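You will see chain A twice below: alongside chain B first, and alongside chain C after that.
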Partner chain A sequence: MVATTPGAPAVRTRSRRRVDEGVITVGRSRAATIAANTTGIVFSILMLFPIYWVLNTAFKPADEVLALTPTFWPKHPTFDNFLSAVKAPLFLQDMLNGLIITLLAVAGSLVVGFLAALAIARFKFYGRRGIILVILAVQLVPFIALLIPLFLMLQSVSLTNSLIGVSITYLVLILPYTVWTLRGFISGIPRELDEAALIDGCSRGQVFWRIILPLTGPGLVATSVFGFIQAWNEFIIINTLNSPEKQNLMAWLLQNQTTRGTAWGPLMAGAIITSIPVVIFFLIIQRNIATGLTAGAVKG
Partner chain B sequence: MRHGKYPFIIGFLVVPVALYCTFVVAAYIQSFQLAMTSWSGFGAIKYIGFENFQKLWNDDLFWKSLRHNLFLLILLPIVTIAIALVFAFLLNVGGSQRGGVTRGVRGSKAYRIIFFFPQLLALAIVAVIFGRVFGPDKSGMLNGLFPDSWSPWLFMADERWAMTCILVVLIWQAIGFYVVLFSAGMGSISSDIYEAAALDGASRFTLFFRITIPLLWGTIQVAWVYLGIAAFDAFAIVNIMTVDRGGPNGATSVLSLMIYRNTFEFSQVGYASAIGVVLFFLTLTFAALTLRVTRRESIEA
Partner chain C sequence: MPVVESTTRRTGGSTPHRAPGRATRPRRRQTSGLPWLLSLPALLLLAGILGYPLVRMVELSFQNMRLRELISGRPAPWVGLDNYTKVLSDTDFWAVVWRTVAFTVVAVIFTVVVGLGIALLMRRVARGVRLFMIVAMMFVWAMPQLVAAQAFRWITDSDFGVVNYVIDKLPGVDYQNHSWFVNPWQGWSVITTLVVWAGIPFIAITLNAGLTQVPKELVEAATVDGASPWQTLRSITLPILKPLLIIVTTLSVIWDFGLFTQNWVLRDGHPEPQYQTLATYSYTQAFGQSRYSLGSAISVITVLLMLGVMAFYIRQMFKIGEVD
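On to the complex of A and B.
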């Protein structure tokens, strides 16, 4: 009796280990789990801290923003910074401009991009490889080198300092991504569906309109969101082409950073307002974000 | 079926092709032309042959800027891809394995959103934020965190460290995208492969280096090219964040910034175009080389 008592726990541990071996554990220790979780948390803090600091600054009154010992929480939270950003000259005007330009560019690139993607995904024709290569190469070259010719070109048709000129430029900017991603989505739709519809008496146009377009829905959502983010966030081109009352919020933000210097509170508040549309869009599609990113890129 | 194929193709492609011919191809041709002139942006255009390129060869700032671009070109892809791969691995197969199903660490969905967040912010906003993070006095975020007895770090105002600050910002901004990109790639690797390797006694390190990386190679290649192009550009961050645009003392000048300043500040459009031509060939050479050098036998996943 005395001898068996210490033996009993030993048997139990052994049996438990055997259960563990039943599932595949890859040399996984508790220490490794803790290490993985710690890395994740520390890194998340690094990623989020600047954003937290923006929020912190935006809700602080001016004297706290410039205090020598910054606090981690606004002592007297205030919305003044947001109000003064919204009331600042041209803020609302530039916000509206940004919306118009972005929507025009995204809508345009969806229509043009969808048709181009259809042609590339569904037809074999002479020059198809060439077109694909050009689409990819366009993404490679730095756009900054094209600013001068772009300006001259738009000037010659008096489209500088206009919302249309910028919209077209942004359309060109986001089109490669749109075509490439939609091509991936369309290739994923089985050709048998097209053929079945053709046999049932659809015309080719009807096949595109009634079969492929609805099935590309998720792809259209994903590409339009990425297009929106790109066009909404662009500021170098618009800053070059247009005068202050025809710019978007990004350009406004930079203008105010240089002219107002240390008014960090309103600037950060402006940055938050500017980011809201993009964040909302992101939260809507964040489940499908990987699909949207990789439909074209990974499957090459 | 065959009947009436070309009307569709032509109709579908005429607009994008026309747009590219005018906005990209014609624009580049014009840029190449301007590189051969001494045009200031106003008045008559005078052709001077390759003089701009000669001037470029003897321009110290050009070589300095090129060095800075190369600094980014080497470090930005390596560091970003390394960190992103490790995190994508943690998020996908780093967690416990119950019932033979590989899973990510706890909270992997939340991490994915957190890491992607910086990607949503415009570069303009990122630059403004990091201007505050790297503030060279006590009101700057990092200096504010340090004990009061320390003298404030200069960060962007320090010639030796300014470029490193830029690198940090670019990495911070880029990581989320690549974590998601690699995660998607890893998600498409069949879990059978992991299980088989695990049964054979492979450790997590072995899994990572022997299975994940080879199977993700195509995606890593794409990431490398994208990041390299970002390193050749880097204009937005450098333009907004650096002291005296490209300073102190040219310590953060990059080629794209030289193009912009020569065009809009120094009225040397011809010279700026010449730098643009150089940048164009550098980028294309880089992309072609990367794709060629890193080519491997593809492994079917």
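On to the complex of A and C.
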């Protein structure tokens, strides 16, 4: 999907380009092409502007942040905002909480989800369509709507204001997506591979360990990264269930806003720190998903 | 497919005790409890953390759960349809409903139309420009909702926001210290811009991937036959793209209808009445005013309002064969 694969053969690039241009020029003037390219560039710059402005602000000293005439480049770039964000109360605590919660949720969801995905992808059984329907439907239920009963339920078993309660909630939050995506990856593994292994004398367990699991590897990576992003970005549930010292970085960003008012520099710096893992992960899997999984596996 | 499935199921089901046949025909006759056993943990978790609260939400909406009951732990009294009559006869509630619907319509139209336009544009620009567009959109897509909302809050800040500064530069316009949220029309255009900005990458990139499936021969043939670009788009490209378009549109409807983060953050966690949507309204009733039952009733109504769109989405997923 994305042309980010490094080292793609240059020959292919060139030949495809020629074909591309062939299509573009049919009935299309040079002026139209220039207009299209300009629109594309302007659009991209507009899209990037808010991100650029966050970065710009984060590296400015306080007096430049609150200048009546904003500069489009920090005149005296500084890391002060990052330092004061990290040193702010609860920042590191909430970062650690977020990591623990996210890792627990992703790991749990991966194990549980993989088993369910295996069932849906590899077996025909009564109720299969029903399970698929449930998985698809629960993805659409707005979680905020369930927040009230969830809060009351966790409160009654003393799981509010605990990392465990939120971890379980996040696990379930990312579970439907995990099952659905892994199902796709497992279905992508040709059944002939399973069958060949069975004929060669593998047991069902061996088929799982030696064929399905390794071949789903990239899928597991992509799915867990997506789960990570979802769990890391969540703040409404945790903000409702837990007190500030048991929250994550996103909720910290929200708190920081309401109590401290306009400490824009540190806020933007904190936002960058919080976004970095998500953005990096996102860009990684974007490529991972694009790679064909087992396209050549049958041929050998 | 369903026919095949049901027959295999029946033959398998009639011989539940016979393990043989397994080695020769692996999967087809698999009717043991194994798949259910594999799905069980996931189903239990879904039932416990999603299913039970869903039932409890409906139950709560017929009770009167207030802070008193929450603290004392006493069961909340049943009040029948009281919450629903209260909510449905409340003009504020209806204002929130229409606002949410209007926002959803506007935001979805903008996101899908611009997203489709960008996807089409991506097929026409030079390779380098396309790469630049993809990179820009990937960064926007990767931005956490909360961070994006904070960025927009800062950009539109009345005192030091860069938007005011830039608009103020226009001749004859005074936008110094202009507050974007005094006038709800302006405030909502900021929120809508944020939602559309954040929603475009998903749609444009998905549709662009779909556009690569449109056979070039068809487009070329149409062009040779003298079809205008508009005719080609309407009669060839869009019909092929239709299933994908329906999916991204329904998903956008579902997401935008549940708007919470953007108006919540841009209004500092205390949205004024004219900035409430169904999600924030229900949340404020429950957690701001401890009217848990009233909030639940609003949530139930929200889910019911969305049910049609959800069913449509799921049907579409089955139809295009995402579900085999």
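The rule we apply is simple: the second predicted complex is superposed on the first by the 261 of 300 C-alpha atoms of A that agree within 3 Å, B and C clash if a C-alpha of one lies under 4 Å from a C-alpha of the other, contacts with A are read in each partner's own complex, and residues count from 1 in each chain.
Everything that follows uses one rule, which is that contacts are C-beta pairs under 8 Å (C-beta built on N, C-alpha and C of every residue); 3 or more make two chains touch, one makes a residue touch a chain.
Every value quoted in this text rests on a predicted model; they were computed, and no experiment measured them.
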Taking chain A as the common reference for superposition, should the pair chain B and chain C be classed as clashing or as fitting? clash
Go through the superposed model and pick first if A:191 touches only chain B, second if only chain C, both, or neither. second
Touch test for A:87: chain B only (first), chain C only (second), both, or neither? neither
Quick check for you: in the superposed arrangement, does A:37 touch first (chain B), second (chain C), both or neither? both
Going by the contact rule set out at the top, does A:54 touch chain B (first), chain C (second), both, or neither? both
Counting only touches as set out at the top, which of chain B and chain C does A:75 meet: first, second, both, neither? neither
If we overlay the two complexes on their shared chain A, which of chain B and chain C does A:147 touch? Say first, second, both or neither. both
Using the touch definition from the top, say if A:133 reaches chain B (first), chain C (second), both or neither. second
Tell me which partner A:179 touches in the superposition: chain B (first), chain C (second), both or neither. both
Should A:118 be classified as contacting the first partner (chain B), the second (chain C), both, or neither? both
Both partners, chain B and chain C, contact chain A at residues 23-24, 26-28, 32-33, 36-37, 39-40, 43-44, 47-48, 50-51, 53-54, 57, 65-70, 112-113, 115-116, 118-119, 123, 125, 131, 134, 137-138, 140-142, 144-150, 152-153, 168-169, 171-172, 175, 179, 198, 232-233, 235-236, 240, 250, 253-254, 257, 264, 267-268, 271, 274-275, 278-279, 282, 286
As the complex stands, chain B meets chain A at residues 1, 4-6, 8-9, 11-13, 15-17, 19-20, 22-24, 26-28, 30-31, 34, 41, 87, 90, 94-100, 105-107, 110-111, 113-118, 120-125, 128-133, 138-139, 141, 144, 148, 172, 175-177, 180-181, 183-185, 187-188, 195, 198-199, 202-204, 207, 218-219, 222, 225, 229, 232-233, 235-236, 240, 256, 259-260, 263-264, 269, 272-273, 275-277, 279-280, 283-284, 287
Note which residues of chain A are touching chain B in the complex, please. 23-28, 32-33, 36-37, 39-40, 43-44, 46-51, 53-54, 57, 65-70, 112-113, 115-116, 118-119, 123, 125, 131, 134, 137-142, 144-150, 152-153, 168-169, 171-172, 175, 179, 198, 204, 229, 232-236, 240, 250-251, 253-254, 257, 264, 267-268, 271, 274-275, 278-279, 282, 286, 289-291, 293-294, 297-298, 300
Tell me, which parts of chain A touch chain C in their complex? 1-3, 13, 17, 20, 23-24, 26-28, 32-33, 36-37, 39-41, 43-45, 47-48, 50-51, 53-54, 57, 65-70, 112-113, 115-116, 118-120, 122-129, 131-134, 136-138, 140-142, 144-153, 155-156, 168-169, 171-172, 175-176, 179, 187, 191, 194-195, 198, 232-233, 235-236, 240, 250, 253-254, 257-258, 262, 264, 267-268, 271, 274-275, 278-279, 282-283, 286
Hey, which residues of chain C end up touching chain A in the complex? 5, 8-9, 13, 23, 26-28, 30-31, 34-36, 38-39, 41-43, 45-46, 48-50, 52-54, 56-57, 60, 65, 70, 73, 118, 121-122, 124-127, 129-148, 150-155, 157, 159-160, 162, 165, 197, 200-201, 205, 209, 216, 219-220, 223, 229, 254, 258, 260-261, 265, 268-269, 279, 282-283, 286-287, 292, 295-296, 299-300, 302-303, 306, 310, 313-314, 317, 323-324
